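Going in written order, the chains are labelled A, B, C and D, and every chain counts its residues from 1.
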Amino acid sequence: MEILSQLILNGVMAGALYALMALGFNLIYGVTRFFNLAHGVLAAIGGYAFFTLSKMLGLNIYLSVATGVAIAGLAGYGFDRLVYSKLRKRKASNLVLLVASLGVFTTAQAALSIIFTSQFQTLSETAGQEALSVLGGVVTRTQVIIIFSSLASMLGLAALLNGTSFGKAVRAISDDEEVARMVGINTGRVTGYVFFIGSALAGLAGILVGFDTGIQPTMGMGLLLKGVIASIIGGVGNIYGGVLGAFLLGLVENLGIWMIPGEWKDAVSFLLLIVFLVFRPQGIIKR
Amino acid sequence: MTKTDAILKTKGLTKRFDGVRAVDDLSISIAKGKVTSVIGPNGSGKTTLTNVLSGLAEIDGGCVVLHGTVTLKKIRPFDMPSYGMARTFQEVRLFEQMPVIDNVLVVLTERSVFGALFERHGAFHERQAEEALKKVGLWEKRGGLASGLSYGQRKLLEIARVLAVSAGRQMDIIIFDEPFAGLFPKMVKTVSSIIRELRDEGRTVILIEHNMDLIRELSDHVIVMDSGRFLAEGSPAEVLERRDVIEAYLGE
Amino acid sequence: MKKTFKALFGVIALISLAAGCSKSGKEAGEANIIRIGSVGPLTSDLAYIGENMKAAVELASDEINSAGGIKGKKIEIIYEDGKCDPKEAANAANKLINIDKVTAIIGGLCSSETLAMAPLAEKSKVILLSAGSTNPGITNAGDYIFRNVPSDSFQGVYAAKYVRTKLNKQRVALLKCLSDWCLGVNDSFKAEFVRLGGEIVGEEAFPQDSRDLRGQLVKIKAANPELVYFVSYTEGTIVGLRQMRELGVKAPVFGADAWSDPKIWESVKGDGDGAMYLEPANKAYPEGFVDALSKKTGGKEINVYAPRAYDALKILASVMETAGTDTVLIKKGIYGVADYKGIADNYTFDANGDIKNADYSVREVRGGKAAGAK
Amino acid sequence: MDYILHLATLVIIYAILGLSLNLVVGYTGLLASGHAAFYGIGAYSTAILTTSLGVNFFASMAAGIAASAGAAFLIGAVLSRFDGDYYALVSLGFNVIIYSVFLNWHGLTRGPLGIPGVPRPALFGMDFSSGVFFLALAACFLALTFLAARFVARSSFGRVLKSIREDEKAIQVFGYNTVYFKLAIFVISAGMAAVAGSLVASYINFVDPSSFTVMESVFILAIIIFGGLSSLKGSVIGALVLVLLPEALRFAGFPQAIAAQMRHVVYGLFLVVLMLYRPQGLFGEFKL
């Protein structure tokens, strides 16, 4: 029984990270309607920004996290201004945007490798962490931090979307951009902010991954794919659905390898995606 | 009108979108070989009706009876021609990045995968396409991309597509969804003569239209819809005089 | 269609011209240079190992050149990216052999690279010396193909004997990464351990770039082994050891020679205590070497292949001291290398171009530092 | 000269991949991003059949085509229900799954160890092991693929594909069950990709999973986007440029330390700039 509860705990922890990726991805998808593949590299940017500030410049850890998250946000905002907004203005199809974001991804990832080398870096200083016993399994302090930041981000984002005029604007654009523009919403600016927030969330995910395991320039692709799968099985464009999808994905992945060897983990997640697309293409929660 | 004359009937047809009944328990019948106009204010469910008939929207309730014998509870879009139906779209749906002539040729070919794979267009197909394009006056434009046409020309190309497919395959029922909207007077004349010609060939035309003058001029029979429901029917002259119809149009 | 082919031939002609020019240019002025290629992953997932090896080769070539070169000729290393991909490696080798006219190639790291380059090197009589490919298939890849890294079987067998007889463990779980090296070592361990009457109670694998081994570890913990034999590179090891501690896997851990990278023990701190691993006999890297390499890479990492890459170039240079640049002579020379004392190992090549024996010693980690096991 | 022959062979292999993928992406408008899976199935079929069963190269290629088409038929039955982003994602997922199979099904593929010693083809005593002959053989297959692709593109079938790309619902209404058309072109395209796979296995003499990752699929996609969607000529030119570009960059003289990564930077920027300023590629008639 211990193995089951530990696998469930692992699944929840993995889900919390996927949820952070899915939140940002879904937020951006909601207003722009394209699969932003560069979302993955922003996690790596966040991780490396933190690494530079904290480990190389010796800045305070909280300040470094905040700045790292902001830098990832700004990078995402920059990609939007430099590339995507121009394409959107031209009314390019979302496949064009998808391919462009792939180009951004490749370029940024290679740039990170040039600046920081391809070495694997761990961010966590505390070795030999005391594990806390929870429900017959164990979790580390880092993991507790991960799940709390993930939950806090979800609640924060939900509050932002439901309680502010900015949130209203975002929802209006998600429903119909044309109409939103007609009623006087500056869709370009709101989209820019959305890119900032979504990318900042990815950056946070990258930093947390760095604490939990470590960072590498190539870390983005894996995180991105998990985020995308979570979004789709949860209901793409719906941030609550994305969160549900993320936890479901984390659980299925971790419980799946109970029965089959662990090397099939990636295949399991894509199989879950395909099963969902066949039997429930709109995801858990329809937008 | 006797029962045997009805080529298409709907019985309690219902279509819901997110709980809203766009078509609500609709039972109408369309007479064979006539032009029947379906009218009603915006949002009355006319276009939804055409989409349900052509399989683009699933039937949620009721059924469609064709030729008095075939009862359909589920219509798949690609089955339309085998039931003898063809349609145009209200929002023009052309194959934009294809030449004008290909937009017509494509509907003339083999429907099966293998048939199409080993088929080359013969002079026969090209003659049909030429005939259809000449009828709407787009023959000169045949080489250019469909996306290069003006709005009116695009609507005409859609009609040419339907003409070509119905010439080749004996389409009995042709649905025109607002074919006149946005057309120049000269084009309007072309389209109305095409509709008359089709009727004279013995085909059934279902016309969705807003322009009362054209409805009076073209239709043999008028069906009025309001909020997805059947409101009235009859000859154009009598229906368009009715108080409830006028009210529906003006809004309560 | 015609135009397409015209364009195709045009571009090919252009490249031939460019290649031709650069070739003649190089041959004219640089008779005093010996060119040697180096192929390994400089991008892709394994780039961190490839970069490290590249720095080691650089270090060796700097040392050789500052000591006067080979018979008065300087050596020039040309680095190409093999991406751990056979096709890319074949591209790189083709370019090195035909354009740069290299005498020898150090590489590749991945066996896929080496196996793809082998037919090319063999055909052009260019020496191919791999410092990292452990695939048994390389043994018979050709006369000009060598490696100064032991075939997978040696250390697995040694470790199995040690665990079974010295440590007297009966129930062992296996954890391995999915690379040719990990699989090779793991499989030879498994075969020998079972032959010696041991029992494998669990076997888990993880993709080479995976950084979350918790699922696999939970299953291993549930199998309740007396020892975990854990074959992985630096990164997988760091996260694996940490996550073992987190999840409370109490069984001792035994690793492969990739664990001689000090970065592992610095990163995991106390989490590594009690871990044991194999290291080529009594070879602690000389202090000067670690410092010099760190300077090149800007980090402290030394993976298991870098010293071997360094040795590879040094072996080549020592053979060329007598054989010159004639590859037939160099080939003969390498087959004759016996008990060459490198920094990673003592090398003797056998008739297949493999190294003959490998002697190991067991290291144990205590207080964040590795030392000889009792 | 060998270097040139080698590059020409690779260009041809990628041209075949480009042609086959263009039928799905360019003509039918479906962003299939798992093409490396079929390329890999072809390569593994040839590698396994020739090394362990001693089957003739050409027979192994035929088997590879059949296996690849069969796999395409199964996945296509699911895939053909989608379009747009979803199509891209499911096909990518399929690539990941097939890659996992290559990596983890040790009994069949030897996993990460790969399969060495794949022989060069021989037929009726003719031996294609030299570079020139192999190039000629590959060129023949390119010509065959080109003709087959042109046959498909110019048939009525090809025109229906284009109309699916433009407006799938609209063409359905005219009586075409588009799911079958999408499935058929997917199977045809997969079969063609297997030809390239067989060639590459035999040419490099070695097969391992690393050649058939998602990034490889993305590279093939980049070839046709650059060369031009729904342009057969573009597929060939795209392969020519994108295979040779990194080779040319070897001579570009970036500092050694960053040369390899710089190639990725150039390649990524390439995609961005292309999307910004010429989304139809060099010769394409169709913008995504």
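Throughout what follows, a contact is a pair of C-beta atoms (placed from the backbone, for glycine too) under 8 Å apart; a residue touches a chain by one contact, two chains touch by 3 or more.
Given the structure is predicted, the values throughout are model-derived calculations rather than measurements.
Novice: Quick check for you: compute each chain's CA centroid and the global CA centroid, then name the chain with the smallest gap between them.
Specialist: Central chain is D.
Novice: Measuring between mean CA coordinates, which chain is farthest from subunit C?
Specialist: Between subunit C and the rest, the longest centre separation is with B.
Novice: Let me have the rounded angstrom distance from the C-alpha centre of subunit A over to the C-alpha centre of subunit C, please.
Specialist: 35
Novice: So what's the Cα centroid distance for subunit B and subunit C, whole Å?
Specialist: Centre-to-centre distance between subunit B and subunit C: 71 Å.
Novice: Give, as an integer number of Å, the spacing between the C-alpha centres of subunit D and subunit A.
Specialist: Once rounded, the distance between the two centres reads 31 Å.
Novice: Quick check: how many Å separate the C-alpha centres of subunit A and subunit B?
Specialist: 47
Novice: Can you list the subunit D residues in contact with two or more other chains?
Specialist: 103-104, 261, 264, 287
Novice: Among all residues of subunit C, which ones touch two or more of the remaining chains?
Specialist: 43, 47, 178, 205, 207
Novice: Could you tell me which residues belong to subunit A and also touch two or more other chains?
Specialist: Each of 110, 113, 261, 263, 266 in subunit A touches at least two other chains.
Novice: If two chains touch, include that pair; go through all of them.
Specialist: Pairs flagged as touching, ordered by label: A-C, A-D, B-D, C-D.
Novice: Looking at the complex, which residues from subunit D come into contact with subunit B?
Specialist: Checking each residue of subunit D against subunit B gives 152, 154-157, 159-160, 162-163, 165-167, 169-178, 180-181, 184, 285-287.
Novice: Touching residues of subunit D toward subunit A in the complex: what are they?
Specialist: These residues of subunit D touch subunit A: 31, 78, 81-82, 84-86, 88-90, 93-94, 96-97, 100-101, 103-104, 214, 218, 221, 225, 258, 261-262, 264-265, 267-276, 279, 287-288.
Novice: In their complex, what parts of subunit A are in touch with subunit D?
Specialist: 34-35, 83, 86-87, 92-100, 102-111, 113-114, 221, 225, 228-229, 232, 261, 263-264, 266-267, 270-271, 273-274, 277-278, 281
Novice: List the residues on subunit B that touch subunit D in their complex, please.
Specialist: 54-56, 76-82, 86-87, 89, 93-98, 102-103, 105-107, 109-111, 113, 115-121, 161, 165
Novice: Which positions of subunit C touch subunit A when the two form their complex?
Specialist: Interface residues on the subunit C side: 43-45, 47-48, 51, 178, 204-207, 209-216, 218-219, 221-222, 234-235, 238-239, 242, 245-248, 267-271, 297-299, 301.
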